[in-house]
Amino acid sequence: MPLLEVRNLKAYYLTSRGPVKAVDNVSFDLERGESLGLAGESGCGKSTLGFSLINLLPPPGKIVDGSIKIDGIEVVGKPDEELRREVRWKKISMIFQGAMNALNPVLTIGDQLSEPLIYHQGVSKVEATERVKEHLELVGLDPDIYKRYPHELSGGMKQRAVIAMALLEHPDVIIADEPTTALDVIVQAQILNLLKSLKKKLNLSIIFISHDLAVISEIADRLAIMYAGEIVEIGPSENLYLNPRHPYTQKLLGAIPRLKKKVERLEFIPGAPPNLIHPPSGCRFHPRCPYRFEPCDKEEPPFIEVEPGHYVRCHLFAKR
Amino acid sequence: MRWEDFKASLSDFWFEFRREKSGIVGMVILIFFIVLAVFAPYIAPADASAHWRDVPYWQNLPRAVPPAWTNVFSTKKKPPHLILQPASTDVRQMGQITENTFVFEYDFTYDDYPTDLMLLISANITDPAKPPTLVLTATRPDGTTVDLVSTKLAGSGVGEQRLLISSLKDFKARLVGFAREYENPEVASTLEYQLIDPMRILFSEAKEGIMTAKGAAPLKGKYVFTAKVYTFNPADEISEPKLVMAGKVYGLLGTDTLRRDLFSGLVWGTRVSLAVGIVSSVLTTLIGVIYGVASAYFGGWTDEAMQRVAEIVASIPVLPLLIIIFEFYKPTIWPVIILMTLFSWPGTNKVVRSMGFQLKEMQYVEAARALGAGGRWIILRHMMPQILPYVFASIALGVPGYVLLEAGLSFLGLGDVSRVTWGQILHDAQGSAAALNGMWWWVVPPGLAIAMLGLSFALLGSALNKILSPKMRTL
Amino acid sequence: MGYGRYIVVRVLNALLVLVIAVFLVSLIFSSVADRELRAQIEEQIAAQMKNPELLKIFSVNKTARDIWYQTQKEILYKRYGLDRPLLQRVMSRAIDQLKLDMGKSHTLRSATGSSDVSRIILEALPRTILLFTTATIIVTIIGLILGLKAAQRAGSMLDKSLSIFALITYSFPMWWVGMLAIILFSYYLDLLPSGGMTSIPPPEGTLERIADIIYHMILPVSTAVLVSFGGWAYTARSVVLSQFQEDYVMAARAKGVPERKVLYKHVLRAAAPPIVTMMVFGLLGSLGGAMISEIVFNWPGMGRLYWIALQEHDVPVLLGNTTFSIILYLASLVIMDLIYGLLDPRVKVGAQVAV
């Protein structure tokens, strides 16, 4: 049984102009100790998917259908209070963009980090402090940071604190939502190395969300590409990088500059991501797809296994 | 921006605006006030504002009475204010003496008594030593006739004379004499003369109790007043006699203690409040926007210095300073506006500056600068269009504050004395202890007008804010 | 920048504004007062010249007349300080004001019978503070509770009616509402005293006296509360609502922090500094309204002092009252700044230690 099992998940934003289908019919698994990269353009629904997994979609977002099982426990439809007590942070936690606003500016780091321990496990304040200090050291911070306020820390330090926060209760799954995006390149590398070493040391299972394929390639064992609310391709990272099948994945990889390979010209993808209230009929990528052919704008493409564990949602690979 | 684009965005705006109910309500109220202000000379007497402090101008009205429509809600019908024209006129020549007889008919059907009796008359007198004489008698519905007064009119000159008959000693003495015939002598002897109301006697049933407020019962029916005016020179002319029955209710909004028609004051006051509110807010916002944009555009130490100055101006308390300025300089309306804007722009400046800083960082502004665009071009072309929506909302939201400030200063007795304002009406109300005496018709309408005018702009402003700044829409 | 330094900077800033404002007041006053003083001097000289002996001399010698006129003028100008430059006169007047040396009132007396302007005002000042502070505390409490409730249930009936109520009362003159309150509660219902601070004569005993003052405060305080709390609640609501959309709230919820704690520990703590900032302006705006309201309620504070001084054209009292109003206003500003500093750790503990 996989650690995390997502089936046919639909998360919509119910706006006055109609539902925005930010996550539509998404299914995937995550094994223990595995890391799954989730990539796509901004607005493709990858962050919505992340927030759906911990069941904290900002209103008017709502999970309308599907199932999420963490360690065999169904979390969709579970009452909020039970989720709070049993699931959040114990089973699944999240690394936010720490350099942004994931830390409350008026509370100390220690105060904020010890919260889950105090409210979840009923740990005493003294013990919580000890545990928080341990975890601060684990992510390479001076434990004395404990008494500091967020504004006294640099972006990288804040990001480390947010990582420490996510690790506190040793959750089964950790979602990392663009954890390096707002940081400068050197700090980005430090944070990635930290995550990699932590993953090895603690055997973490991570879902790593980013728009940056180069960053994801550093850490992901498997890779899922999202487009317009759907996963269009998923498989082992190696396979996806070396042999991308979906036209969108190919374009996306073509858009990354490389040092070692000579690139004639950087690709770009014409057009813009579609309107998610009225997504294109058939394959959602067809208006931008160079290989578009007859069924593309009529039938939804099937999910096809092109190699073991490597799936693609494209008519090109359909057996006809 | 091309004209078609402008038209398109305008119609877009109108489409959005129509869906904001509060904005529509605000607009309707505002249009109502604008109509009042524009058509003030047609809705109320055209010279009412200029004569607001001219006490004689208002003397033909009753003193401190509620609006006429209060009769609808009261079982006790109060007499309205009536100006009677003569029912018949007669002139007789007796040698040098001319006898002008004017007969007035008054249909008295009320449960309360008129407050005053006045005679208005135009006289052209040639010899001041020989003033005309007036003899006024009343025939009551019960057939009794009372000689009310016999007095000399003012001596010389041409023009309208006004005789407040009910305040004459003679008038009271004769009516008290009349009443004594019916009143219980014991009661009559104990009554304090001061407290006897002659108008009550004139319009009460001739029976015991006529002299007291409790005992008197109104005698309803037709009263005939005969005024005989004798002139002693054939060249003298008497014309346009009118008998005023000063009512206990008057007009749409009643009168104050100086007999002024509060409706006229309210209508004319609209102009000042509207002008002060709008012009001050526009000026303040303009100053604030220019200052803020400039501060953001220049940045660096210029920005630092400009913001320090703004901070100092912002923390200067406006009201005490304005009180001093008003007391010493007694300015008229336009300096008032300028003074109020002088201290109020830092708020707008602050918001606009922070918007300006954000815009400056925008890539298209940086791109424009990289392409060699000049400062003015960047400000006008790239920054202003983004700031403009905020400007409109800010102007609308600023108006209530100025309406309140102007009203507050007027209430203190400061401000432009050459015209009537709502705050001044309330100042006079406070001076005459209107609230303590329950004269609600004097207190409620001007304040309500201030509140409503403010509300209309507040509603408009918040609707504009919702439409024009997309960030607010999610809230 | 630590809290101590922050306090010093804020206080110095307030003092600077005080000096500028008082200087402005003296400048405004001096330019008018000097004009009047000159006219008075002219009159005085003209009166002296009517002296028959002088007239006799002057009818013979015209130059003597001019010389006499000039010297007389110089003497009087010197006596009244008009010979000094304007700026110097304005400065010395401003300094007098700042030293609270405000001269004598023409018409008013303090309770002890002194005509000393600063005494008269110092008697009125605590009464204004009493009324204003009481109202402010009540408004803050009601406003915060309602604002939080409305933000928690954004879009609910409570939230909508609060917004409408805030909009309506936003444009109500506080003093006018006071007049309405008097008409309703004193004239028609005869429930509460229409004005004053104590009954006449005041009751015996300390407790009775305090109760009597509280009884007299009910109407003015409720008026201020009624007019102000909607706006405060709306402000609090907007700030809290914007905090709710911050990432740290999501983070706290994800961490499994109970909703109540999210609200009271995270949101309220983080919302406090911006609420204080936004309320500074509301508070200081209502100080003016509250002072005008004193007139309506015949409350013997600084507002009513303004009313009397304006009616009597008592210039020293007007000037003194203005100076004290500015001090009161700036003191309130500094207090708000201090509260802000306590609530915002960026002020409390200082700037970044590492980059």
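First chain written, first letter: the chains are A, B and C, and each begins at residue 1.
The rule is short, and it goes like this: contacts are C-beta pairs under 8 Å (C-beta built on N, C-alpha and C of every residue); 3 or more make two chains touch, one makes a residue touch a chain.
Since the structure is predicted, the reported quantities are computational estimates derived from the model, not experimental observations.
Participant: Which one chain sits nearest the middle, judging by mean Cα positions?
Facilitator: Nearest to the common C-alpha centre lies chain C.
Participant: Centre to centre, using CA atoms, which chain is the farthest one from chain A?
Facilitator: B
Participant: Using mean CA coordinates as chain centres, what's the gap between chain B and chain C in Å?
Facilitator: 29
Participant: Taking each chain's centre as the mean position of its Cα atoms, how many Å separate chain A from chain B?
Facilitator: 67
Participant: Using Cα averages as centroids, what's the distance between chain A and chain C in whole Å?
Facilitator: 55
Participant: Taking the touch rule as given, give the residues of chain A at its contact with chain C in the complex, in rising order.
Facilitator: That would be residues 51, 54, 56, 58, 84-85, 88-90, 93-94, 96-97, 100-108, 112, 115-116, 119-120, 148-149, 151-154, 157, 162, 165 of chain A.
Participant: Mind listing the chain B positions that touch chain C in their complex?
Facilitator: Per the touch definition, chain B meets chain C at residues 22, 311-312, 315-321, 323-325, 327-329, 347, 400-401, 403-405, 407-408, 411-414, 426, 429-430, 434-438, 440, 443-444, 446-447, 450-455, 457-459, 462, 475.
Participant: What part of chain C is in contact with chain B in the complex they form?
Facilitator: 13-14, 16-17, 20-21, 24-25, 28-29, 32, 154, 164, 167-168, 170-173, 175-177, 179-180, 182-183, 186-188, 194-195, 238, 241-242, 281, 284-285, 287-289, 291-292, 295-296, 306-307, 310-311, 313, 315, 318-319, 321-322, 325-326, 329-330, 333
Participant: Touching residues of chain C toward chain A in the complex: what are they?
Facilitator: Checking each residue of chain C against chain A gives 245-248, 250-258, 261, 265-266, 269-270, 272-273, 343-346, 349-355.
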